[in-house]
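You will see two complexes here that share chain A, one where it goes with chain B and one where it goes with chain C.
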Partner chain A sequence: MRPTLARYIPFVVLVGLVVAAQTALSALKLEFYLTQLTMAAYYTLVALGLCLLMGYAGQVSLGHAGFFAIGGYTSAVLTTVNLAATGAAAGAGAAAGGVAGAAGAGALIGLLSRLGILVTGTDAYGGQTLTVLPWAAFAAALLVTAVVAVLVGIPVLRLRGHYLAMATLAFGVIVARVAVGTRIFGEADGISDVPAFRLFAGLAISGKKALRVQNYYIAWAMVAAGFLLLINLIGSRAGRALRAIHGNEAAASAMGVDVPRHKLAAFLLSALYAAVGGACLVHFNGGIGPGEASVMKSVRYVALVAVGGMGSAGGTLAVSTLLTFLSLRGAFGQLDDAVFGAILVAIMLFAPDGVFAPVGGWILRLLRGRRGARGAAR
Partner chain B sequence: MNEASRTLLAVSGLHHWFGGLHVIDGVEFSCRQGIVKAIIGPNGAGKTTLLNLIAGSLRPRTGSIAFDGHPIAGIPPHQVAARGISRTFQATRLFPRMSVLENVMVGSHVRGRQGFFAGLIGPAATGREERRIRRDCMAVLDELGIADLAARDAVSLPFGRQRVVEFARALASQPRLLLLDEPACGLNPKETEEIGGLIADIRARGITVLIVEHDMSLVMGISDEVVVLSYGRKIAEGTPSEVQANHEVVSVYLGASDA
Partner chain C sequence: MGADQLLQYLLSGVTTGSIYAIVGIGFNIVYSATGIINFAQGEFLMLGGMIAISLAPVLPLPLAIAAAVLATGLVGVLVQLVFISWLKNPAVLRMIVITIGLSILIREASLHVWDEKVRALPFFSGDETSSIAVLGARISPQILWILGISAVLVAGLTLFLRYTLLGRAMRACASNTTAARLCGIRTSSLVTFSFFLAAAMGALAGCAVSPMTQTQYDMGTSLAVKGFTCAVLGGLGSSTAAVAAGLLVGVLEAASISILPLAYKDVVSLGILLAILFFRPEGLFARRAAGVPGRAG
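Then we have the complex of A and B:
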């Protein structure tokens, strides 16, 4: 088979497994597992993005939970903050000859309303609410993430190795502290009552039990799409340039690769993967808490990429799905974070190329051995 | 001015220093199109620094470097590469976790257009260019006689083969000027001879070569002109035989290394 086509085999396997898993679980009346598999899909999107940055471009990030949180919180805030209340307050303030800022807020709400990106509803007490449409909130989440990724990426990506790890770690800490210390982000409680995200007719990202199968497929369709884009990129001119940067920056640069630009593009793209995961998961879970921005979450994503094998999107996908699913099922109990930390240490010590590399080498030896034996018999 | 005698590279008044160490001290020379020009000198003469200044990996403190009449001093390496200057490294720097062919395909980076976005979309957007790059790079491997190694992991090859792959990677950009940093370094006499033949072939294809080298037999055999550096200064320039007859060269360079 042509090598370009062989690249897409893991994608086909993924699609097959996704359908097979749902069919089997539904047949066995174990559909409740689909909920955790759906959540695992959104976290896996973060791991895939990080795999591009770390595994292929060789740039470590210990702050990716920060991008997940920026995407999630932006969507959550915009789709839950009642603008009717602020609008009314602004109107009242303006009527009383209040501050120009309040009048400005009123004008902004009017503008957003005319653009058709606001949606009215009723709250639990029967009062009228006015919130941003999930689509618009989603777009805003990606925009905010992109701006932050570029602003953080330009200075930070000048650093290498441990220094880059520390700088991204600091970024993650900042996001976590902002999330837990800001009123609009719900402080330690986070944000709840995030509405469903109606994608288009009949399809919605929502945690409703009736939509469980549908949501499983929405989430895994996104992972499949993300995986496909990644396979495309890795095999392209830009992907080769990223792998060359990983291998030897000076040589890549001498071959004409604009190193800072490629690093920034990879950083931006991987941040967007994380933000998409975050922005979708808040609609599925109906909320988000500051724990999503924690440094331990970032470490967890790094562990998933490392276990999957740096530079193996398929490996990352498999490992992330399995370990995240087990973690969400509570398989690691109170020791959840400790398990991921321990896994990271063990991988670095015993299988720095990921769990699949030794297994792959073992299979290769086995095949060679058998072929050798057959040759000898002849 | 006819094509053969046209100046492709002109370096003048070049100075560079690291801290208090003046490694390039007012170097001046030019290189005509189509020739092989060698830069020789004892260890620490500033040869590799000079190459790095031309390639853009270092910014000269003062002085000018003109490539085909355009100033290039101080511009970043990827822009130097885009103008048609390619290079190899003293200790080969192939990309690990990539095959020989992929390494050479990175070498042709400046000859491609498709960026990140097209890369994400995939073969529908990049297929045509990818096929061209792949074909051209296979042709380069073929010319250098290493087509059979295309699928091999580049850094697992024997050192001598890696050097040839690095040549292929540098040639894949179809450069006008090729900078070679001690290409015979670490090679045995047979491999050195092979590299010499390779450089002659490259010259025959009309590519100008600037070579920094220690190995005298290689330099004297393949070079049209030689520049001799000592402690960052140019002490002689001319044809190999002129330089070999130069009294200062013999005492400063050959004498010093023989002692």
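Then we have the complex of A and C:
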């Protein structure tokens, strides 16, 4: 592929649309739409990551909500669990006999606070709290996700077709069950009261009304960055290798592409996209529930990528933003899941290359037809 | 743990396991006829249970169940004719996504017809309090019903595939579609019939478990994943090998409840699935390899 600037056109369009949408909505006093657009941005980040894996590397994942949940839950737990209380509990345990364990926990907390990644505050009852700084929690979320993605990815990516689909589905179900069945993850209630994530220069990811415009731009800046990374990656040597794997694994391997490594890298990167989306959304929403890990969520992400046209980052971006926004606004009412199911079936039956492919083919035929007519005239 | 308690776990494991096995057999029937894994297989159990529950107040129980089995079988036929029959050599990914979409549609339709309440069929004999003593363990008669129905289904299917003309045609179609067609077998009707069979068997299993485990619109997904576990463990495509696998998964799952919290029950059986897929994707019993490049298939 020639290194052209043409591939950055969708990126420029994206930035333009993001600014235009905010300006228009603010001018029309419809700023409340920005909240759902911000949430849609974080979900779109997951869809973009999945687009890399499914569309370019050709590997299906029915468990991406799992990675979103791992990112989100890690951030949420670390920024809400009160280490001061845990330390006290450990101290009480020490009196009962577990001296070494309590000392260990105390030492760990001491070490963390010396590293400057703990933050003190007061809870609703005026008691002192000691929690992990959102920055550190964010880093931990990405680290945990990366470790899980590699551990799951190495064996799973050896599989193909139905087996890969079922294995990733099983991974997603396991994450969902663990989230519902574990006390520290809040069981069926999930985790709430996640604090704001102060970034820098007064910017913070938070659901406060006053910060709505700011958060809209933070979220979309992340999507823009993710999109830019994706189009650069796709145009690079690694991107060509991934597409070669999608086309024919054996042939790619024969041409010297390290197939397992490239597949794993794509899997890891797409998991990290999901984790970033999850970790940021918990700070914006102030909480997370086990529904985020459900199979239906994973299927939704697959639907978004499929409708956008597998292997079209721009298409995925557009479809994901539109459908997620409509869904969050409640446009589909009680039929929300049914709409996504129907879209999946219809797209796969009639337009397996996504909604934009038929339109693109139509334009192409139109152009070619005109050129053909000109040739005949000559 | 006492011997009677062990027996209790064993029996409950065998019961759930036999249901997983029937879901797995449903996967196998459709897979060997079409090469498709029908992700909506679990929904057939739910549908069978739900239809029977709705008919039970107006019809005698056996008739209600028979009607539910027939109706669900027709849903299976409808699914195959409308969504699958006209696709020529579809890519695997495409079929996965289509059947997942279908499972969502069936589930959502059921949600609108039957709402999200948990329902149950009446016990086939006795009620929830009646129990039978077996070697010192107290079990519900429904367990015997489930085991009996599963056994009859498996035996019936084996005899059907081995000795009837239709069953032998199905096996011919599964082993080589082109050759079967050359012998004058109408393979396309056999594919439709395989969907009917898988759906109807699922529906009967769904009716049998309903009194014990209840029926809810969203019970399909986890059943499907576990049924698939059994199908893979037994070797995908070999129709009744899933039985042994199903019993194994069921017993392991029941045993896990005594050690781990109940919420982790699914985690155990799915962990088994992942482990098999990683280490022995061709199944415990079969020699045919699939799913992993480099090992024939």
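Here is the rule we use: the second predicted complex is superposed on the first by the 355 of 378 C-alpha atoms of A that agree within 3 Å, B and C clash if a C-alpha of one lies under 4 Å from a C-alpha of the other, contacts with A are read in each partner's own complex, and residues count from 1 in each chain.
The criterion applied here is as follows: a residue touches a chain if its C-beta (ideal position, glycine included) is under 8 Å from a C-beta of that chain, and two chains touch if they have at least 3 such contacts.
Remember, it's a predicted structure, so these values are computed and weren't measured experimentally.
Peer 1: Quick check on the superposed pair: does A:L233 touch chain B, chain C, both, or neither? Answer first, second, both or neither.
Peer 2: A:L233: touches chain B, not chain C.
Peer 1: Once the shared chain is lined up, is A:G16 touching chain B (first), chain C (second), both, or neither of them?
Peer 2: neither
Peer 1: Let me test your reading of the model: by the given contact rule, A:V257 touches which partner, first (chain B), second (chain C), both or neither?
Peer 2: first
Peer 1: Going by the contact rule set out at the top, does A:G121 touch chain B (first), chain C (second), both, or neither?
Peer 2: neither
Peer 1: Does chain B (first) or chain C (second) touch A:G110, or do both, or does neither?
Peer 2: Touch partners of A:G110: none, neither chain B nor chain C.
Peer 1: Between chain B (first) and chain C (second), which, if any, makes contact with A:G361: first, second, both or neither?
Peer 2: In the superposition, A:G361 touches no partner, neither chain B nor chain C.
Peer 1: Touching A:H162 in the superposition: chain B (first), chain C (second), both, neither?
Peer 2: second
Peer 1: On chain A, which partner touches more residues: chain B or chain C?
Peer 2: Of chain B and chain C, C contacts more residues of chain A.
Peer 1: A:V60 in the overlay: touching chain B, chain C, both, or neither? Say first, second, both or neither.
Peer 2: In the superposed model, A:V60 contacts chain C only, not chain B.
Peer 1: With the two structures laid over each other on chain A, which partner does A:M348 touch: chain B (first), chain C (second), both, or neither?
Peer 2: second
Peer 1: Where on chain A do the contacts with chain B and the contacts with chain C coincide?
Peer 2: Touching chain B in the first complex and chain C in the second, residues 250 of chain A appear in both lists.
Peer 1: Give every residue of chain A touching chain B within the complex, in rising order.
Peer 2: Residues of chain A touching chain B: 4, 228-229, 231-233, 236-241, 243-244, 246-248, 250-259, 265, 269, 311.
Peer 1: Where on chain C does chain A make contact in their complex?
Peer 2: 37, 83, 87, 91-94, 96-98, 100-105, 107-109, 112, 221-222, 225, 228-229, 232, 236, 261-264, 266-267, 270-271, 273-274, 277-278, 281, 290-293
Peer 1: Any idea which chain A residues touch chain C in the complex?
Peer 2: Answer in residue numbers: 60, 62, 155-156, 158-167, 169-171, 173-174, 177-178, 180-182, 187, 249-250, 295-296, 299, 302-303, 306, 334-335, 337-338, 340-345, 348-349, 352.
Peer 1: Which bits of chain B are touching chain A when the two form their complex?
Peer 2: 55, 57, 76-78, 81-82, 86-87, 89, 93-98, 102, 105-107, 109-110, 112, 114-116, 118-123, 126, 129-130, 133, 169, 173
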